[in-house]
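Each of the next two complexes has chain A plus one more chain, namely chain B in the first and chain C in the second.
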Partner chain A sequence: MPLTSADFAAIWLTLQLASITTALLLLLGTPLAWWLARTRSWLKAPIGALVALPLVLPPTVIGFYLLVAMGPQGPVGALTQSLGLGTLPFTFTGLVIGSLFYSLPFVVQPIQNAFEAIGTRPLEVAATLRAGPLDRFFHVALPLARPGLVTASVLGFAHTIGEFGVVLMIGGNIPDQTRVVSVQIFNHVEAMEYAQAHWLAAGMLVFSFAILLTLQRRGRVGARAIS
Partner chain B sequence: MRHTLKTLLLCLLLPSAQVLAEEVQVAVAANFTAPMQVIAAAFEQDTGHQVKASFGSTGQLYAQITHGAPFDVFLAADDSTPAKLESEGATLGGSRFTYATGALALWSAQPDLVDHSGAVLRSDRFQHLAIANPKTAPYGMAATQVMAAQGLLEQLTPRLVEGQSIGQAYQFVASGNAELGFVALSQVYRDGQLSNGSAWLVPAELHDPIHQDAVILSKAAANPAATALVDYLRGERAAKIIRSFGYQL
Partner chain C sequence: MLEARFSLSLDSFTLDVELQLPAHGVTALFGPSGSGKTSLLRCMAGLEHPPQGQLTLNGECWQDSQRGVFVAPHQRAIGYVFQESSLFDHLSVEDNLLFGFKRIAAGERRIRLNQAIELLGIEHLLARMPALLSGGERQRVGIARALLTSPSLLLMDEPLSALDAQRKAEVLPYLQRLPGELQIPIIYVSHAIDEVAQLADHMVLLENGQALASGELNTLLPRLDLPLAQGDNAGVVINGLVTHYDADYQLLSLQLPNSQLSIRVAHQPIAPGQQLRLRVQARDVSLSLSQPEHSSILNLLPAQVVELAAADNPAHLLVRLDLQGTPLLARITRYSSEQLGLYPGQPIWAQIKSVALLG
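Coming up: the complex of A and B.
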């Protein structure tokens, strides 16, 4: 196989990025999805729309604003500098933050749909059995929403693996920090190293197909969650 | 119904076919973006031809050309890529010439960071140094040669961030995300002086000369606008514009 150590480093980095992003998104996205599924607040529509924005925005828009916001003159950059963290573009942490925005809807929406599908009845029944709000969430809602959570994890992971435009704009192509597989494929193509580009690109193709096939086989959960 | 549709299509296609004859599509290396925009405007005014310019790294544009991109003229950032296209038979024979010799600048958007001899490179006053991807962008390659010539390459490598073209390297520095970077002098130079920030005009002997060559691509054989543009590039008015951006001729 003509893959170099730089290619393997990119693969490893991509897997790390996708794992960390997915874990963080499950932690942050589940309460958000719960709120979106249950609330009657007027904020539901605008927040739901905000969550969905990355579905329609070009990654260049997200990348550009992240670069500006996280730069030394931007609000996020000012904050991270005052905390002694420096600025975030060109760092792995910066990529994680970019990926959180980029993959947010792919995690929140399936979970939200799953919560909404449960309806109020199981929760009301649990309440009559004296289950408190936390008890109802952890022992009724979460187990019932399991298929949605699985779909969310798979989609969040896969979508982060496929991230390109955002990374290209805030990454700076640094080995072991920001050079993920999609960027490495771009580098190979630009340098006319087509054999290596093929190996990585075909790997991505097979990987993505396998993921979607798994979702399809799990019944129609995945398809429903995406739509 | 079918007839009206056909007529409609013909009406749409015919005039544009006429316009195409006087339109030249030119692929331009990112460092030449600003001068090309000025030259294109002057050229359009003087000749009536239309210029459609695409900007990118030389490697990127080469890949597009070899895969059938519809360019008539290619202004590269080096001389080896046009020579390669020539040897592959993708150009009009004898059309290759050097339209500009590029200069490199170590530039910062901060007014007092970069001194006039580049000593800042030996300091720890910066976290990130932006360059263009040395594999695909000649200015990136020249930047690594400068660092190597000063014995600094190894020590600076952990602080390097790469833009995919010299345009992105410039943007990293302009946005302040990299404190300084090696950019094309033409990106920060207007009318004989630095437009903002601070810069070290890198002496040409620290890197291989950046001879930027142009070629007419073979698909433009029948396009008078392509030859007109190349003639214009060799002319007095273009030379003045090119020099004003800090290039040598």
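Coming up: the complex of A and C.
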């Protein structure tokens, strides 16, 4: 077997990170997408731009500010320390937080687009059929936005799998803690283990291609989200 | 009694109405597009929240801006039928029907599932998804779905306007059955006078967000001071009582209300004693000073000129006639009017070239 136990550990850690990040993003991103799709507040534009920032920022910039914020002198670091949790950089939790920011637009934007495509009519219809606001959200808006939710999950998961810059900034290279596949590939290359690097890199390539192919086949690739 | 008063400004449009409508039968909100019909309906449903508004149905207040009362749409006992198909695409026809039905208390379900399904003839569609229905079928399901919330008020926003003529003819009989089968007041938005003539008992005439007139259909349609009398489709609606059927010539006789006069129509046999609605268009009525003889026109009735008014076209005049209490409109040329020397109070013969039986 060409893959070492360290490689498998990195793959396992990556999958855990991507799963947890995607689940949390769906939980947090769906209400945010709903708000962005429905609000007429002036805050819509600035919040929407903030959500989209990770699309254009170098991951090192995101990682840098997260490192500063979560470090011993940062506001988040001060909070976590006062709660007796220590500091978050170079921990798996810190990595999850970094991934949440890193993959945020890939989850929020497809869902927001789906909610916007539904429009107000089905919700008005539901209101005239005695459904209250929460009832309308769960039984009309969410089911109708299903394709957007699927796209968001797949993109969020795939994008987190490919994370590197943020991980390096706030996670470092700790086995079973923060050493994800992309970092492990970097390690192999640094150690001149090109064969090992190939296996992992090709695995990533095939995985990413398969995901995008699936989305294309569904005809619902979040074109705007990937742009 | 439905009492509604709304002031609403939307972009460049202002709705400002105050209405007292009967809490029974069908009330048409009629007017050209942009007159505020749909906005008024949405205000009634609570889908619009006008800062100035009051809405009371049989003593139950749904909005009173002075007391700060605004009942949310989902807490109003309304049924709403939208202009275009508004079925939930992610639910089957049956689940669409049950959507509202499930959300009202069992004790409030005055309309049963089977009753609504039968009334709209949609039994065979229950298992289908909305995407596989025709436009007419979708509207029928939409109407049944609204009825299944057992509303105290049914609001319909041009339910036929998105359908072609054939589909319209398919859905219309179901709409005609509703008032007779259910004791629910219906507010029916339309810009098509023929739909209004077929369905409505009461009518509100809207223009530029204002109510020009509100009253019984039979009294509004013959009024020469309203824009209704203008245009090609002007005419009156008469409630006739079937008195006789001539099987030989296949002619149905209908007696005009409170009079000895009858109108005959070529039609299938209908049992005497039934009330039917007739529509006589102004352009199908011509006038003669003496009783016409040797005429192929079937319906020649003695009448009296009540009022003359200019028509939208300067070559024409509108004449309001009285048939022993039943109003009738005639659209004739100004030339003919001068030749006949028409004046109010003048006895005259009305020749009705065509009568539509609306059922």
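Just so it is clear, the second predicted complex is superposed on the first by the 219 of 227 C-alpha atoms of A that agree within 3 Å, B and C clash if a C-alpha of one lies under 4 Å from a C-alpha of the other, contacts with A are read in each partner's own complex, and residues count from 1 in each chain.
Here, a residue touches a chain if its C-beta (ideal position, glycine included) is under 8 Å from a C-beta of that chain, and two chains touch if they have at least 3 such contacts.
All of these numbers come straight from a predicted model, not from anything done at the bench.
Peer 1: For A:172 in the superposed arrangement: first (chain B), second (chain C), both or neither?
Peer 2: first
Peer 1: Looking at the overlay, does A:87 come into contact with chain B only (first), chain C only (second), both, or neither?
Peer 2: First partner only, chain B.
Peer 1: Just to be sure I read the superposition right, which of the two partners does A:48 touch: chain B = first, chain C = second, or both, or neither?
Peer 2: neither
Peer 1: Let me test your reading of the model: by the given contact rule, A:203 touches which partner, first (chain B), second (chain C), both or neither?
Peer 2: neither
Peer 1: With the two structures laid over each other on chain A, which partner does A:130 touch: chain B (first), chain C (second), both, or neither?
Peer 2: A:130: touches chain C, not chain B.
Peer 1: Which of the residues in chain C come into contact with chain A in the complex?
Peer 2: On the chain C side, the touching residues are 45-47, 72-75, 78-80, 82, 86, 88-90, 99-100, 103-104, 145-146, 149.
Peer 1: With touch defined as at the start, can you tell me which chain B residues reach chain A in the complex?
Peer 2: 57, 59-60, 62-63, 127-128, 130, 133, 135-136, 160-164, 172, 175-178
Peer 1: Under the touch definition given earlier, write down the residues of chain A that touch chain C in their complex.
Peer 2: Result: residues 121-122, 124-132, 135, 139-140, 143-144, 146 of chain A touch chain C.
Peer 1: Which residues, counting only chain A, touch chain B once they are in their complex?
Peer 2: 67-68, 70-73, 86-87, 89-90, 168, 172-174, 186-187, 189-192
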